[in-house]
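Chain IDs A, B, C, D, E and F follow the sequence of writing; residue 1 opens each chain.
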């Protein structure tokens, strides 16, 4: 696994465990909802992951973008589809989204090396 | 046409005309991009409109939400799909998105009456 | 009841009912969490309502501010405490919060007339 | 004076008075700073008002935009300069700024009628 | 002192000194207000620090969160109270606040080691 | 060239190339607009760069701030003018802008060493 991807996932797992161990019910349920919301529903998982990606991008949350990039790739999203989603984020959210597009593409490439 | 929909579109058209008449090239091109970005590409128009909707919702732009709701409906988005998209917006963007969900559903119903 | 307060609550109730009737599980659970999160816990309800107020104010959500103003008043928050909370919102969130402070104070006064 | 301009200024004045009457020191000082920050300094007042305008626009605060539009006009800003400032806001802040551009241009025209 | 805490405070001190040395009156007064706003008033310091924490969290400012975590701990805030405050931030501000919760908990633990 | 400046520019160039190589028309045009919008127009380049700086600062985009700091320096902006611009950002955008002011001043100093 690419170092960048490994580190991101390790840190996330470690801290999520600690957060859940703190036993705050509201936070636990939010984490739970986060899993459920992106499951197959009226919309397919792939579309939902693109929705998660564009929302994360316009809100400029790099960690959230990376999380949805991983899930997007696992669900068959192509580079062209990812870039098209990010182009909508850049148009709606403005040029302040560009630095996040740079990091997104860098992470996307790390995910590619990951699967090779 | 429902009064709410009519008023929104009339105001938008009137002011857009004035904006474009001001002859600012950057603004003209942004308006132009806005049309192009949501055309069929690697992703279908329907998916793009859902991306536009969720991005507008998390950024809490009521006018943008209404604009994408109209286009979504024209492209066959069902109420269930719209609500699923908005549920992702509410989860990622938090409960501050709820007031915009209220307005979105109200506008969606106005669009329904519109087409009857 | 003051007209302003009445209208706000009527609209909220009407639309919330429609939203919940749409039967989207994620949205239902978010609404449910919203009720639970502000119940007595390690922190008293009054403190939680002030937290809800300041968070709503810096995120500039007038409807959310009004909702927490009502709950704050019901839980014994004084005008001085409310203004102190809003002063922190204005400092942290900047002068763009001022228009929301205007509306907040206006609604606070409507709530006062309400209870007379 | 144009009705739109009159109403905006009347409401602002009335509520600002009430806010200042509440005697919260932090808020009073923020109001005070707001006056001082836009006075002639190393940068001329006109430039500062354009800075206030673009910052208000990307943060999508209509009241703040209207306040700076008034001050901008009083300091000799032309329609072309105002639109150029707003074009930068639309590029950096994205298309979610467009609804605020519509309202800005509408208010700018109200200010024009105001001075005739 | 924990390395993480030391580095954060050293950088903050060094840069704050440079900022204040630049002799900009508006900035100086904002820094000054920042000290005053969190002093005992109608609300106790502890409550104010929780207000500062939740506002910083929903605005997703890691440095601001860390600053208020330190002050919160110094004023006797427990881990349960901190997590309850952050749970409100996550609910109101959405799942985009989660990455900041991870960093907050990490810093909170560094502060713990600090005082041992 | 100062290491900080070099690294920032190298990363930006490398990733921008990759982004443009992906051949997404919407993104390409946004990049293009970004160049055009800051050219001499009704407003001089120097003013436009200050507009770009203040907008980037209130939106809390460090990379965007650094980009406009470079262009500002190249166009003769003094430290006093830069700080005055940032003071308006801090007032309008609130104390959450302070961490970005720290980084901005640090980068500004790196640019100074750069040109010596």
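One rule holds in what follows: contacts are C-beta pairs under 8 Å (C-beta built on N, C-alpha and C of every residue); 3 or more make two chains touch, one makes a residue touch a chain.
Everything numeric in this text was worked out from a predicted model, so none of it was measured.
Because chain A and chain B carry the same sequence, their contact can be compared by residue number, and over half of the numbers here are used by both.
In this entry, C-F is the pair from D-F, D-E or C-F that repeats the interface of A-D, since more than half of their contact pairs coincide by residue number. Of the two interfaces, B-D and C-E, the higher number of touching C-beta pairs belongs to C-E. A separation of 31 Å divides the Cα centre of chain A from that of chain C.
Annotation: 27 Å between the Cα-based centres of chain B and chain C.
Distance between chain B and chain E, defined via averaged C-alpha coordinates, is recorded as 37 Å.
Counting only residues that touch two or more partner chains, chain F has 26, 30, 33-34, 37, 56, 58-59, 64, 80, 84, 87-88, 90-93, 95-96.
Under the stated contact rule, the graph of chain-to-chain touches is complete, every pair of chains being in contact. Interface residues of chain C facing chain A in the complex, by the touch rule stated above, are 25-26, 29-30, 33, 36-37. Within the complex formed with chain C, the residues of chain D that make contact are 11-12, 15-16, 18-19, 22, 24, 26-27, 30-31, 34, 56, 59, 61-64.
By the touch rule above, chain D contacts chain B in their complex via residues 60, 79-80, 83-84, 86-88, 90-91, 95-96, 98-99, 101-102, 105-106, 109.
Partner chain B is touched in their complex by these residues of chain E: 58, 90-97. Those residues of chain C whose C-beta lies close enough to touch chain E in the complex are 30, 33-34, 37-38, 41-43, 47-48, 50-52, 54-59, 64, 78, 80-81, 84-85, 87-89, 91-93.
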